[in-house]
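Per-chain residue numbering starts at 1, and chain names A, B, C and D are given in the order in which the chains are listed.
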Amino acid sequence: MTNSIGEIIDADAIFITGSNTTESHPVIGAKVKQAINRGAKLIVADPREIELAKDADVFLQIKPGTSIALSNGMAHVILEEGIEDKEYIKANTEEFDKFAKKVKDYTPEKVAEICGVAAEDIRKAARIYGEASKASILYCMGITQHHNGTETVMSLSNLALMTGNLGKESTGLNPLRGQNNVQGACDMGALPNVLTGYQSVVNPEVIEKFEKAWNVKLSSKPGLTIPEAMHGASHGDIKMLYIFGENPMVSDPDTNHVRKALSKTFLVVQDIFLTETAELADVVLPAASFAEKEGTFVNTERRVQRVRKAVEAPGEAKPDWVILMELMNVLGYGKKYHNTEEIFNEIREVTPQYAGITYERIAEVGIQWPCPTEDHPGTKVLHVGKPARGAGLFKAVDYIPSSEENKEEYPYILTTGRNLYQYHTTTMTGKTDGINEKAGECYIEINPSLAEALNIKEGEIVKVTSPRGEIKTKARVSEIVGEKVVFIPFHYAEGANILTNGEELDQYVKIPGLKVTGVNIEKLA
Amino acid sequence: MKSIQELEQACQRGLEKINIRLNSVDEKHIDKSDEDKKHKEKNHVMVCGGTGCTSSGCQKIIGKLDEELKKHQLTEEIKVIKTGCFGLCEAGPIIITHPDGTFYSRVNPEDIEKIVENHLIEGNIVKDLLYKGAIKQDEIKPFHEVDFYKKQKRVALRNCGAIDPENIYEYIALDGYKALAKVLTEMTPEGVIDEMKRSGLRGRGGGGFPAGLKWDFTAKAKGDQKYVACNADEGDPGAFMDRSVLEGDPHAVIEAMAIAAYAVGSDMGYVYIRAEYPIAVSRLQIAIDQAREIGLLGKDILGTGFNFDLEIRLGAGAFVCGEETALINSIEGKRGMPRPRPPFPAHKGIWNKPTLLNNVETYANVPQIILKGADWFANMGTEKSKGTKVFALGGKINNTGLVEIAMGTTLKEVIYDIGGGIPNGKKFKAVQTGGPSGGCIPANYLETPIDYDNLISLGSMMGSGGMIVMDEDNCMVDIARFFLDFTVEESCGKCTPCREGTKRMLEILERIADGEGELSDLDKLQSMAKTIKSASLCGLGQTAPNPVLSTLHYFRHEYEAHVKDKKCPAGVCQALLQYMVIPELCKKCGICAKKCPTSCIDGVKGKEVYVIRQEDCVKCGACMAACPFKAIKKG
Amino acid sequence: MAKNILTEENFLRLHKTIQLNRGKKGALMPVLHEAQKIFGCIPLEVQKRISEELGVPLSEIYGVVTFYSQFTLEPRGEYVIGVCLGTACYVKNAQPILDKVAELTGASVGGTSPDGKFSLEATRCIGACGLAPVLTVNEDVYGRLVVGDVPGIVAKY
Amino acid sequence: MITLKINGLEVEAEEGSTILEAATKVGVKIPTFCHDPRLVPHGSCRICVVELEGGRNLPTACTTPVAEGMNIQTESKEVVETRREILDLILANHPLDCLTCEKSGRCTLQDLCFKYDVKETTHRGAKKCHPIDESNPFYYSDQNKCILCGKCVYVCSQLQGTNAIGFAERGFPTHIATPFNEGLAHSTCVSCGNCVSVCPVGALMPKSKEKFRYWETRTVRTTCSYCGVGCQMDLVVKENSVVGIDPVMAVPNDGLLCVKGKFAFNFINHPNRLKKPLVRKEGKLVEATWEEAYQVIADQINEIKTKDGADAIAGFSSARALTEENYLMQKLMRAVVGTNNVDHCARL
């Protein structure tokens, strides 16, 4: 997030798009509701009528995958009504004209056609966002998990730049990171193209710095992302996969392809339970859970926070860092760490944003990076004054439909996501009876008129097929989804990801288009 | 109405129309010479349209009057006007004819023919229909000369009964809206507030907080939007003066709220009326609509650029909504649960905006204070309690009704001189003032001049003005239980001392009334009362124990009788009653035995005297009622 | 016996009232008053409809309806008998009158008679203290009563 | 700044702050039931009454703003008497079953009765008897223990924004209820447990798997392991198992949690946890020693490195693991295996 969670309460307007906040980030959802109680205006754009839609001043039930069109449409109205922040654009941005020209032809009427919403609502949303003095954008995987995910994010940043909603309290472009330490994992360079602190592997100085720090030779050739590695494995290029703390057999798209890829490689899985993925492994290593080890997580507002050990790990399970260290030692890299604080201090040496953060400083309250020195208080709001890059770059992007749409034999659009009770692949939440009582089994949400057309009753088992496979699941007839749209939560094995497309990736970050999949639905005989 | 001049002309025109009634109203009076000739109208027949009289069929009476007048083609000369409540409900349904001021009481439709023919046509008054107080040895007194009215000083009730409340022009005729005109054109907001302060007017809702000060706080409070509100919840049982003002003279309240709005800088007002007053609600709505129609409410009032509008908000049956912050929550559509103070409504009232909240009767005094000046008001009443107060006299009293007296008048004068004393020759025991928050004042304090501080020093309080007279047949323990039962039922349930404490006090009182009380209970009541009074959040809880404390203080002997001797001196508490056959009177007829539902009366018909088995007797009183020879007594 | 009050026509009237009051601040109370008049009570289905259209949480509406005595959850009897228990009436022994009415109609205080014909309430002071003790049956008012008058009045309905 | 006296102590306090805040600042403890710094003070329980010199009644410390020259007594005779009477009244409508009540040891009512020597109630009369609402799988609501402090209702409406429960009826019968007492399962309750966390007595309690007494437990402050909000929480630990979770009043969650954070901690001490390394032999995963497992992995890595090169190996790190562990994973792949084929599930 460019801003912080606490600031949401004081925003004048909140634009939530592609995030079912009250179910995926419940406490942030509560803060949004507190903001509304104080009089903030809310715009919600989502293919499903999520709970927050009821509190929204404007609810745009857009067709899945049409967010860029909506952003451009709103930009069009903001320019047309002259409520953009002219000084901010002049002083702090680049390539505004190219962007302005692009959105010219995204008239509300045209966008209404693409998105399947009323033109007047687009105008109303644009006016609310444009006229507010402090407007904050909150978004999540509903924006990013598309074949054009990166450009969709850029279309949102255009909106923030053109209205000067950046670098000020209660504004900004705020991705709600889905997992407890996904921010930390990215910060630590668990990505094929960057080392810690987003220092690029192709930059010779960076390679030299790390080679000196670790006194070892390093490759500067960017590696493979998970979808690429899966592809490589299924074609025999990747011989071995070391998976720790993940369950691709349920969370990754195209499960059948994943099974094929995993079975062909030597597979090591390090986890706390024998997950669907671990069952296929050649070696399974028992790990300690978060309650059994000391360390840190980094939350969605870049706050590094302490995790503390409460109980002993069961049997011979060890903290993951101990396993990794011992394996490195077996492989000849002799470095020994006595605790995670030592590792953290090593991180601080090579990661400028973390340099000023110490375990002692975050004992009571976490610090938000960047925090360059030990007397630096941490950063609540990014891009204060000028965008960090020197000037905010406008990106003229076009709406391009996904290849999954308008397919003859797969006429309905499946979108996936979470529900309140389960978390990811239910490995942890599935162990609590109450959770399974509330959301124990997979289901598919179908619009009443579609259900009627297919003569499907509430609770009936239906067959759902896509080019990748087919599943049988329980029908939930509900107004929550639009006519031609269906929804399946991805938590359950033999569920949504049997159907999703793992090939059509975003060109920049290779994220799969999990939110748009062409499917067909049939009543079981 | 776009200017003061227009208002003035309307006042003149209106005066001509109702001049015929003015001989009886003390101040304004135009000599009859030439005006009369122009007008053919000979009489105005005023029929009381208050809640009491309406329920006794005043509508039918008006219908019959119209019918009769049509029969005699007199509809031009004689006008029938339905007015607000005259105040003497005991005498309802009431008819007063003008210009003579004849006071007919307990009229029913059959009497109309006589009144029209004998009185209105032939001119001689129907003596046997006159109010008993209006005729003394054949000498007929007009209604304002009758004892009930003569000793009163009617300021808030000035127009009640004198005008047709559903015709704004009659109000204007009696200088209606002149005060508003004066305020808008000649006075500054500070000037109005100063006038209110100098008048010494204190809140008539019960608290007695100086109105001027409250206006001042609200005026000084910062806020982009301010509200003016009128508390017409009148939850005190036995109090009905606000009802009469709203039914008889709603315009005065509207004008007063406009003046208040000008003084504190507000443009929006709410009148919160309890749902149990349908007539008052409709009369006020008519008055608001009429005022808006002729430019005395809404935008640019009287062309002075001042805007003020008014909305009615209905209560829904909750006594606690008489408390200011509960009332505010109720207007906001919430449960009527009071808010902690500070912040006071003057700073954070309706929707957390500065709000001026006053009672109906407080507002009813404002127009006259502005017109006649603060000093006129200040020299009425006592040193610290200025002006007049309306009391709703009820219970064991001959003249049940509204009594407006100058502060300082003694309880005795109100109950005996105006109230007409206790009916059926019963002995006075106590008078209860302040409703569920008040106390019972025994006979030996009847000489006390009525004002806020005296009543408090007697362990009671002014309250909204309910004054219930009790005689020897009322049991003080039962009265205390009645009031506790009321507050337990009406407590909002938010704070512990009131929600839980009043219930326990009630249970103790019920045990005492059932003869299971102990002496220690009396001290328990005392100590609990202290906690409830000092720790409760709002006025309801803080004053709920008062009825118990004051009856304990003045009538401890009755409590002890219930506890020690298991006796109820006034013969009210059922459980302590004993029905006994008086042997010498018993004619051995056996009727009582037949009637007894639990057949607990033994005896042999014609031979032995009957005896009631006390242990099985359920005290239903059926035997006593059935005995033709009054041979069964209750004691 | 409770006739079906949840007719479409009634809900239409409710909808109109809500549209009228939607913009106003503190709209809940006026809407609830109307609903009580339209349906004779405010049951769950009505409260749910008000909650959806007015945007007020159902738990808050239920709290308001159960707070005020004028709002009821179940339909009341055809004839609502209110015996005033204000102080003036109570002092002139309204209590025996209340007991008598309860006895004759079979309705307990605050309840409705088994045949649904009579609902009996001990009402707060209705301001007609001049006629104490007072009893109301829907709109009709009977004043200056003694226990003996009660059978006559009840028989009329 | 305002100067006032509390128990004879000179105190400086901000304009607009309350007596309770001023007292807490100088370490003077005033008992409260219904106070919560995140809520608008509503002054329902009245237990925090104090004596104000010259005051008409006993003002509540939680709502009364400080004023220049106030002279406050927080434990005067009258104050203590009033508090004892209030506790007496509460106990009159509260089941005295501390022996088996799960809240024992952490119940504010129990603590205050102990402090003010209120052994039992001196009143006898009607007592509440509501059915216990067990319909929610995570916690139960026992209205008979409720002291109507109202915090659960205000947290649910002002902070969580779900409005599942509210006050019903009026006066003595007032109770907290879901609409039409249909039960929590039929209400809009999302089981976040924020009401359970603020209940000062045993009216709202989690359905704990294990019976435990609070004095047998210790708490460990940590960060939630589910979504990216990073809520601060206290794990309640008895011997070697986590028996409960409480929210922490700190950035970023300010005392709030969700259903997963508050109740879904059963995986920690779950019997199916992996306890030993497993190595696949003849197609079946069998238990092995750590040394054996490491050796198998090391051999594979070295064999593939020599045959196909380091880039034939890929590692998936975990967004669920510690920051330090992600650092080591990418260091293992880059420094030891020698490839940049390292990624993690940021995309899910």
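The definition used in the following text is that a residue touches a chain if its C-beta (ideal position, glycine included) is under 8 Å from a C-beta of that chain, and two chains touch if they have at least 3 such contacts.
Owing to the predicted nature of the structure, the values given are computational and were not obtained by experimental measurement.
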Legend entry - Result of counting contacting C-beta pairs for C-D and B-C, higher pair: B-C
Inset, instruction - Please flag the chain sitting at the greatest distance from chain D, going by CA centroids. - result: B
Inset, instruction - Can you check how far apart chain B and chain C are, centre to centre, with Cα atoms defining each centre and the answer in Å? - result: 23
Inset, instruction - Let me have the rounded angstrom distance from the C-alpha centre of chain C over to the C-alpha centre of chain D, please. - result: 44
Legend entry - Intercentroid distance (Cα basis), chain D paired with chain B, Å: 53
Inset, instruction - For chain A and chain D, let me know how many angstrom lie between their CA-based centres, rounded off. - result: 28
Legend entry - Residues of chain B touching at least two other chains: 318, 335, 492
Inset, instruction - Among the residues of chain D, pick out those that touch two or more other chains and give their numbers. - result: 167, 169-170
Inset, instruction - List, in ascending order, every residue of chain A touching at least 2 other chains. - result: none
Inset, instruction - Treating touching as the only link between chains, describe the layout with one word: line, ring, star, complete or other. - result: other
Inset, instruction - Could you run through all the chain pairs that touch each other? - result: A-D, B-C, B-D, C-D
Legend entry - Of chain B, residues touching chain D in the complex: 318, 335, 337, 339-340, 342, 488-497, 499-501, 503-504, 507, 524, 527-528, 530-531, 533-537, 542
Legend entry - In the complex, chain C residues that touch chain B: 25-30, 32-33, 56, 60, 63-64, 67-71, 85-88, 90-92, 123-132, 134, 141-143
Inset, instruction - Name, in rising order, each residue of chain D that touches chain A in their complex. - result: 136-138, 158-161, 190-192, 207, 220-232, 235, 237, 240-242, 250-253, 256-260, 263-270, 272-280, 285, 290, 293-298, 300-302, 304, 307-308, 310-348
Legend entry - chain B contact footprint on chain D (complex, rising order): 41-47, 49, 57-58, 60, 63-65, 78, 81-82, 85-86, 89-90, 92-93, 122-126, 147-148, 150, 167, 169-174
Legend entry - Interface residues, chain C side, partner chain D - complex: 44, 47, 57-63, 66-67, 73
